[in-house]
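Here the structure comes first, spelled out in structure tokens, and everything after it is commentary.
Which chain is which? They are A, B and C, in the order written, and residues in each are numbered from 1.
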Amino acid sequence: MASSTPALVSRPEPPPGPGLLLRQWRVLRYVVGENPLSAMAAGLFVGFVLLALFGPWLAPFDPLASHVGEPLSPPSAAHWFGTDALGRDILSRVIVATRLDLGIAVAAVALSFVIGGLMGAFAGYFGGWFDRASTRISDTIMAFPLFVLAMGIVAAMGNTVANIVLATAIINLPFYLRVARAEVRVLREAGFVEAARLAGNGEMRVLFHHLIPNIMPPMMVQISLNMGWAILNAAGLSFIGLGVRPPEAEWGIMVAEGAQYIVSGEWWIALFPGLVLMLAVFCFNLLGDSLRDLIDPRRRT
Amino acid sequence: MSALIPNAAAEGSIAISGTAAPKAPAALLLEVDQLAVEFRTRSGTVRALEDVSLALAEGETVGLVGESGSGKSVLSFAAMGIQDPAARITAGSLRFAGQDLLAHKGAAMKALRGREMAMIFQNPRVALNPIRAVGRQIEDVLARHTDLHAAARRRRAIECLAEVRIPDPERRYAAYPFELSGGMCQRVMIAIALACKPRLLIADEPTTGLDVTTQAAIMRLISELSAERRMATLLITHDLGLAREYCDRIAVMHAGHIVEVGPTETLFAAPRHPYTERLIAATPVGAASLDDLAAIEGNLPDLRRTDLPSCRFAERCARRGRECDAPLGLVAVGAQHSVACHRPLGTESAEAQHVAFA
Amino acid sequence: MIQAILKRLLGAVPALIGVIIVTFILTRALPGDPAAYFAGASGSQEAIEEVRVKLGLDRSLPEQFFFYVRDLARGDWGSSLTTGQPVLTEIGERLPASLELTLVGLILAVVVAIPLGVLAATRPGSWVDHLCRGITTAGVSLPTFFTGLLLAYIFYFLLGWAPSPLGRLDPYTSAPDFVTGFYLIDSLIARDLETFRAAAAQLVLPAVTLALFVLAPLARMTRASMLGVLSADFVRTARASGLHPLTVLFTYAFRNALLPVLTTLGMVFSFLLGSNVLVEKVFAWPGIGSFAIEALVASDYAPVQGFVLAMALLYVLLNLMIDIAYGLVDPRARLQA
């Protein structure tokens, strides 16, 4: 696997628009081709994206409608995943929940990627007080057990989905900040950056046109490794009753709703949303590992 | 193969020249015979050593020289039995004082390693355990190979530090490698290697990673200790000047082959292999000025290739001829002096070109 | 040595200050008017103003911060609206339950993960290695609350091996006399093996659930670090000195490999304390996590804030202990501290 790594490693000047897309497509194809597990993960990923986009049309029943089947009936031909205490179709609820779960994770990761990435890039490039301040902020966040901090943030700011996104973004911020800062600090000294500066480019232009595009590969790895964790985190928060409110369909809350029935043997209520949640996280973690192996073979473990 | 063995002169009548004067005929200590080592990798089998033969007598210092990647370290690691798990010895034999080192899955080697045969490495600062006091690292070796009790081990460890001329050995006993200079670390490594008074020391680029003044001190220490203890020493280096200064004989390696072996002065005065000649020309010691230094053209061949020529230097060689494709082995060309070349230097006038076909 | 530890203690001060500032901000970020909130739903305008003055909310933020820190130092962490008890008392009572669970989970994880990682590193490509890779990838993907439920279903409902997953003891056993608050230890001190067995039986499933989650990062790091160390120059030196393979493996390789694992332990504790909350909810474990969740559901903020602060302080303390342990293993860190 290590023998042929594509151009990403050598950090070439990024080609504009379509070239980058093409390269990313090649990277994806490479990941898929190398390892059957990665291929499986990529397949799952596509599946989850489709579910998130078209879930409401794919669900056989209305996810919120009660008594579409006999309450608490086990999986059957009509209800593949069975029904819950209110007689709602679990399959439909699991499918429809995909959009909310992935949505929360994607929004949170995007927020911390943009804010953390920019902060880290500025801190790494300019140093000085901004560097010290942002390092202090990320160290302070990291001084908390992260899930607990997220609980505290949601409790303080209000129990809404938006605050779940915000809390998840805040606890992920240090990871992006650190990666971006470290990468920029290394690249700042690289020859092509010096050349760009000598060619008369302003500091901002150097940073945005020459440095930031080149820290994208490790940032992408960070994103893919982080997605699974963000999903787990958001689901965990709703499991303890934060953010998403019933009757909304969400995997964490569905597991929580099924929890009380598991000791009396109605396993399907919690099992299916839990399994799908696990599968989603597993899929992102596998993709993240493959991407990391691809971009940075040395760090493979 | 007999030509490789020191003092078993091929042509008894030829007088031995130079400073590498023969000592009293000594018993052979290490015998490497037709050794072949391969690495199985995903991208193919690397034939790292092929048909390598070399012998060391007691008290003798032999230099093993060649470019990086020529197989010097592979040879020494194989001799110590510490080669990479991917390496396989596919042919040949290794003997130490007559014992077969490879027999019984290397049981003999395990028994001798660290006690009778020892090794020191380059970059001493990373070659010592960073979180263990240096004295304790010597004691580990003593605990393994001797019956000394704890207090005696400690005394002996301090003695070992003193033997390698470390000042204030009692205090240094408790020092950690990061508290010592590179030169001191190399002395500690020598102390570890010599703790059990081995009969063979393999020094793998012992001065690489040290500054120049320290290099000389370390080399003097090694050669003094070798002489004191009549210890056979195999000095592995890419520095021909260093080998010339300290070695009785020199073996030149290229791409997993030994291409020439001979007494140091003979080899420098009249190299027979074109590669040896190029190597000497590339060494600052022999050259009058920097302009005289000549880089060796070309690179080592890829040892994964399945179509390697019998002479692995042929593709870089200016003297290459048609006969160079024929099978090749070391052939005696003088006292203790052998070369593996179909068209060796210094034979243009003679008819020696034609005798070497095996 | 003592000096080095003192230096490390000082090193924890910035983290401590950061934690207190953040918790202070969280208390002031309550939605709406905190004074109105604490005065209760039926509070009159005067009552609200009274609360405002009492809480010091009429003062400037630096002053408020000063009073906040002073109250914390005095042990006044506010009171729970639902139970009426001081938050610190409530947390103190429940902390041993959480700690016992967390520590047993951690020990289980370490006992499995480290040998697994070492074995995988010494036999690359073997079945142990593949097992290790599988476990590490799958392990970090497990939602703790779901694995907990799954284990409860299998071992309680289907197999009947585990007791009902509710709390620290079954209803027929009474708690041992309080010494440490750890039932396992207290029951042993009281020489009450029956209680010990009952407490252990209740503890197994939640502890395994926790261990399964943190096992992955530990095993992964052990394997990677061990692989790196095994190819290090000093291990080669040890081999060339003919040291016994076990000496090479443990005295030389493993102790060095432990250093990055210790560093990872910080992240592991973060995971552990976080998933502890979820596991406590699943197994109705009467620790500070369950306490915080109950308070959250009842919109009772002082206990939640107290919980966040307590967890953060605990985490700072654990990181400090890791730091000190690191200094004990690594002379470089000890002397350069």
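The rule is simple: contacts are C-beta pairs under 8 Å (C-beta built on N, C-alpha and C of every residue); 3 or more make two chains touch, one makes a residue touch a chain.
Source: prediction; values computed, not measured.
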item: Touch-based graph of the chains, sorted into line, ring, star, complete or other; value: line
item: Between B-C and A-C, the pair joined by more C-beta contacts; value: A-C
item: Chain B and chain C, separation of their C-alpha mean positions in angstrom; value: 55
item: Mean-CA-position distance for chain C and chain A (Å); value: 24
item: Sequence positions of chain A contacting 2 or more other chains; value: none
item: In chain C, residues with contacts to at least two other chains; value: none
item: List of chain B residues in touch with chain C within their complex; value: 80, 82, 110, 112-115, 118-119, 121, 123, 126-133, 140-141, 144-145, 176, 178-179, 189, 192-193
item: Residue numbers on chain C that touch chain B, as the complex places them; value: 232-234, 236-244, 247, 251-252, 255-256, 259, 329-332, 335
item: Residues of chain C defined as touching chain A within the complex; value: 14-16, 18-19, 21-23, 26-27, 29-31, 137-138, 140-146, 149-150, 152-153, 156-157, 164-165, 220-221, 223-224, 227, 269-275, 277-278, 281-282, 292-293, 296-297, 301, 304-305, 307-308, 311-312, 315-316, 319
item: Complex interface listing, chain A residues touching chain C; value: 136, 139-140, 142-149, 151-153, 155-159, 228-229, 232, 235-236, 239-242, 252, 255-256, 258-259, 262-265, 267, 270-271, 274-275, 277-278, 281-282, 285-286, 289, 301
